[in-house]
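After the structure tokens below, expect a handful of questions from me.
By letter and in written order, the chains are A, B, C and D; residue numbering begins at 1 in each of them.
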Amino acid sequence: MSGGFEINIRDLDAVYDVDIEKNVYVHAIDDVNLHIKRGEVLGIAGESGCGKSTLAKIVYGFVNPPLRVRKGSIIINAYDSEYDVISLSLEERRAKLWWRVISYIPQNAMNVLNPVMRVKDHFIELLRHRSPKADMEEVVKLIESTGLKKEVLNAYPHQLSGGMRQRIVMALALIFNPRVVIADEPTTAVDVVLQRGILQLLIEFQKKLNNTLIIITHDAGVHSMVADRVAVMYAGNIVEVSEINAVFERPLHPYTQGLINSLPRIGDKSTRVGLAGSPPDLRNPPAGCRFHPRCPFAMDICKREKPPFIEIEKDCFVACWLYTKG
Amino acid sequence: MGNLLELRNVTKIFRYGLFGFRFKAVDNVSLALENKPLIFTIAGESGSGKTTLARIILGYHVPDSGEVLYKGKYIHKLQRKDIKWFRREVQAVFQDPYASFNPLKKVYSYLHETAVNIAGIDRREADAYIDEILKAVGLSLERVKGKYPNEFSGGELQRVAMARALLTKPALIVADEPVSMLDASLRINIVNMFNDFRERYGILFIYITHDLSTAYYISDRIAIMYRGVVVECGPVEKVLTEPLHPYTQTLIESLPIPDPKAREKWLKAIKLSGVIEKEEFIARGCKYASRCPYASSKCFEEPPPDVAVENRIVKCWLYSEQEKPLS
Amino acid sequence: MISVVKRIMKIIKSDVKVYVGTLIFILLLIFALISFLAPSWHKAWYFLPRDQLPQLSSDPTYWLGTTTNGRSVFWSLARATLNSLIIGLVAATLAAHIGLILGILAGLRSGVIGAIIMMLADVFITIPPLPLHVVLVTIFKEYISLPLLGLIFVIPSSWAWPARQIRALVTSLREREFILTSLLSGNTTRRILLNEIFPYTFGWHLVNFLNTVLFAIGSEAGLAILGLSLMREDTLGMMIYWIIYFNPLYRGIWWWVIPPIVVLILIFVSLYLISTGLQDYFNLRFKR
Amino acid sequence: MKTIYYFFLRIITFILTILLSFTLIFIILQFVPASIVELLIASYRSKGQYYDPKAIIELRERLYELFGLGGNIVDQYFRFLNRFVLLEFGSSLIAFPTPVKEIIALRLPWTVGLLSITAIISWIMGNILGVLASERSSAISRTLRAIAVTLYPIPYYIFALVLIFIFSYLIPLFPLIGGITTVSPSLTIYDMVYLIKSSILPALSIIIVSGFGWWFLSSSSLAQVVQNEDFYKFAILRGLSSNLILKRYTLRNVILPQITALGLALGGIFSGALLVEVVFAYPGLGYLLYRAILGGDIPTTLGILSLSVIGVSAATLILDLIYPLLDPRVRHR
């Protein structure tokens, strides 16, 4: 597997059509640029409705109505070939990209197995190309690497606990050793102890397979435990991308600052303050910087023009007028 | 000053299907809360029985055994005249604001009913009184009147639910996961409000949650529940920083805290137990035995007693007189 | 009162199925009501010349021609539609309301009573309706009258469908937190039933009502084919019976056969369109 | 262990259904005034049909016993149950002295033949079409859905009349209400051809209506239920081929609610089929029931009715026993 791998997202813009004739839509992704590197764990943070899951679906190429990509490109180059996800047809994505180059662990992973099929059939139908015996050996090895016993393979999904089903879905996603794995809110409905186990497993596989892991979650604590870099999203824009320690020690964007300050920590009872107001309705988002109605530092220019997405340091970006003057 | 609320060996049994599997959702829980304004947290993961316990305290579920006393009166055996008194004294706020209001009814109708039926406010003065309470939660009457639940954001609707509970000037408010559906940045505003009302109106809050960080931030005392049993109870500063019970220890260690420096300790691999929840519920001894690193044969046979350690109670054989405390 | 009418109109316009269905049904209703203007002799046999082709004239008697037994197809069909609708309404009102009450009772009292009601409902649903109707009508042949026939169709299973439907709805509602909020706002169980639960069940009650009307009209036609309906009265079922009995198609008399079939099909189509349209409407609103 | 418990419960419901329906009939029969027996017998005489006097005597005896006009209630109930369950109704009136059981047995294969073939074909056709149609272009499925919504509520016997009008009158392909008069079909070629020719229309009227009915149910259950399920979306995400998804994910999850729906609809399908036979004078149980009622032959009527109750309950039981084989959640609790 020769080295080079990265994903380049250029000027991506996507909407959820509400009423096509009247041209009413929810502007879910607005001018997103992101460069995802080889072998890194990128966290995509942001609160409900900021578009992080939508971005993940588009990067994976799972775009169907009412979601519509208006402009922008997503270039994945892996195994010395280049794919523009947006221009590929659904058939091409399915044949070339899905599960070989890029795989996707969906939200609510506990209930995504087919209730009327045994666990092992989920794997066999994917492998199928080699001899049944060889297939089974590979599947057993993969299952045992997630800490599950091989008897699990003969069981039906409803006979297993939530945690077990979660690990099976993870094994399914890693079966072809993909170059990038997207995990969409992997541990929201899971209790804390199981969450730690699952996230540790994700990181362990990422290290072993040396691929890129994109974790989408609203939980800042999860990002601080697993992510190398974090992209913070607000109302369809990426407002800040920075290295994990920087995000928590010296957050750049006012939204990130507000978010980090509002998180209580055990052992520290100092008063915390949340953000005023609530996220905008993306059917008619505010002009200029979409955070200006709630931003304590909002200047006149913020209300009129969209802040540029500039690289403050290597691999660190921010979209805020506070940083363009200097 | 007797106890405001007292639970004595409360047990509630649930059944799956007609002759199906029976288990104790709440198993022999005893608690005592003095009559002073504070925030008491009941923390536990899903399936720990904390919501069932809340519904028992509200009088909605009747326990299969044990009693619940509010200001010395048995709440499940109240006579007619006391029911209205109990309803005025004890109110509640629920997890999902949109589920707490009937989508087909105007939100204002619940405020009006509570004010008139429970608080006994005269119909004519109801609007003024409601407006005053709504202002206390950062809203106003004309912002709320005539609107349906879907015309509010989650945060706003939860504030209306809080206002509805405050209308009767209760002494006890049971808040069942009041902020878990809200975004982190908005969550803290509502949590701060609890503290504010505790001081201003002298209300005792029972805060039910699975989020230990907010629990630490606002509460005074905490009880940790696991599979229907209170495993540890005491002042929150002590319990969450120097946890005694093995389950509480694992909980605190596993919590993903928003500080990258703790990553190295957090990534220390843990063994995920393959135990199915159902078995733990019907376990004879300690419910946590099958996952506990210190479990001995006694833990599997006999349910552990409540052991007093400093000003805390922990239900674990490790701390009973014969055994030397290990931690 | 006006707000209720406004709401109903809103529902009707909201779904094309309901709109078309209501339109057809209103036309049928008018046609049925015209039967009150029927001349006194319309029931008599051999009053009119037999097997007359339909011809347009001022007097509607001949619009649809006459039958082999010398009766005006138009008047007998109008009266038949009216009677069938009456049977349907009698059966539906009873069955839907019994179903509603038992459904709410079983939904709220989840203990033994609820289990018994539901077990009874499940058992009754599997019993084929025709045999029991035939037994009832054969035995009480002498006492059969329009409303009694409607009553018979309530047994065995037409109450069971609404009961199952309403019970499922109520059990799911019972778990919802706004019931608790309403309780904490000082509402009595009766008021909760009225303000919180009933607005939801009303929709399905209407749907169950329409489905039972269909079931009853269909059952009456079925019994009539077996010669067990009201021999002396005009009902859509009886018209089918006479068509099978006299077999007019043999002699090319098509105008006696087509109208009753068309009216029957229109009734079924229109009521079912309204019922499915309402179901979609309530599913959507309930989920929101 | 759990599945045996499931079967046990199903068999109990089966027995209960039969017991309850017969008890219901028994209770109804208790309200029959004694005078009605004389009334019924008198009405047959007035019809001018000649009945063998011995038949009348036996009928009066049978009716007295049936309507519980003699003996104490308890042992009468058990004799009543015994008679109904074992179809012991003595000799029929319209074909005296042949016992009721015999003439029913003669006609049973006709009805079972017509019913089983049409019900199964339309169920399978409806489901497969339902799943396929909505997968393909939505234009076809929208028009099909419109037809299905109009056809679905119409009872078979009404639709049968439409078919008669079109295929017997307008385009005379099939014999008008000819039907097969010979009671026992001799297996000559001519009979066979005639048999098939006159059973096409009855079969068609059931297949078209219920076929569209099942199509409508399966496509709506597919659209509302399966396609919104997480496992369906995850199957697409994994890049599985569309016909693999169709076979192992869509079809197998749509079939389950359709089996329960079939179980619930059996009662209606059976009643409908009986009536279609009358409209076409198809020599099955339905037509026998029609002639029994016409001739006031109560024992045969009750015989057919109890057979239909037992038959439908048995069919429902079979479906209930098949269901766990297809749904592992029931098989392995």
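Here, a residue touches a chain if its C-beta (ideal position, glycine included) is under 8 Å from a C-beta of that chain, and two chains touch if they have at least 3 such contacts.
Please read all numbers here as calculations on a predicted model, not as lab measurements.
Between B-C and A-B, more C-beta contact pairs join the chains of A-B. Put simply, the C-alpha centre of subunit B and that of subunit C have 51 angstrom between them.
Annotation: 54 Å between the Cα-based centres of subunit A and subunit C.
Note: centroid distance subunit A to subunit B, computed from Cα atoms, is 33 Å.
In subunit A, no residue touches two or more other chains. Residue positions of subunit D in touch with at least two other chains are not found. The multi-chain contact residues of subunit B, meaning those touching 2 or more other chains, do not exist; every residue touches at most one other chain.
A ring topology is adopted by the chain contact network, closed into one cycle in which each chain touches exactly two others.
Under the contact rule defined at the top, the touching pairs of chains are A-B, A-D, B-C, C-D. Residues of subunit D touching subunit A in their complex: 230-231, 233-240, 244, 248-249, 252-253, 256, 326-329, 332.
Across the interface of their complex, subunit B is touched by residues 115, 176-178, 180-187, 195-196, 199-200, 288 of subunit C. Across the complex, subunit C is touched by residues 18, 55, 58, 60, 84, 87, 91-92, 94-96, 99-105, 109-110, 113-114, 116-118, 150, 161, 164-165 of subunit B. For subunit C in complex with subunit D, the touching residues are 17, 119-120, 122-132, 134-136, 138-139, 142, 155-157, 214, 218, 221-222, 225-228, 240, 243-244, 247, 249-250, 254, 257-258, 261, 264-265, 268-269, 271-273, 276. Those residues of subunit A lying in contact with subunit D across their complex are 60, 62, 93-95, 98-99, 103-104, 106, 108, 111-118, 121, 125-126, 156, 158-159, 169, 172.
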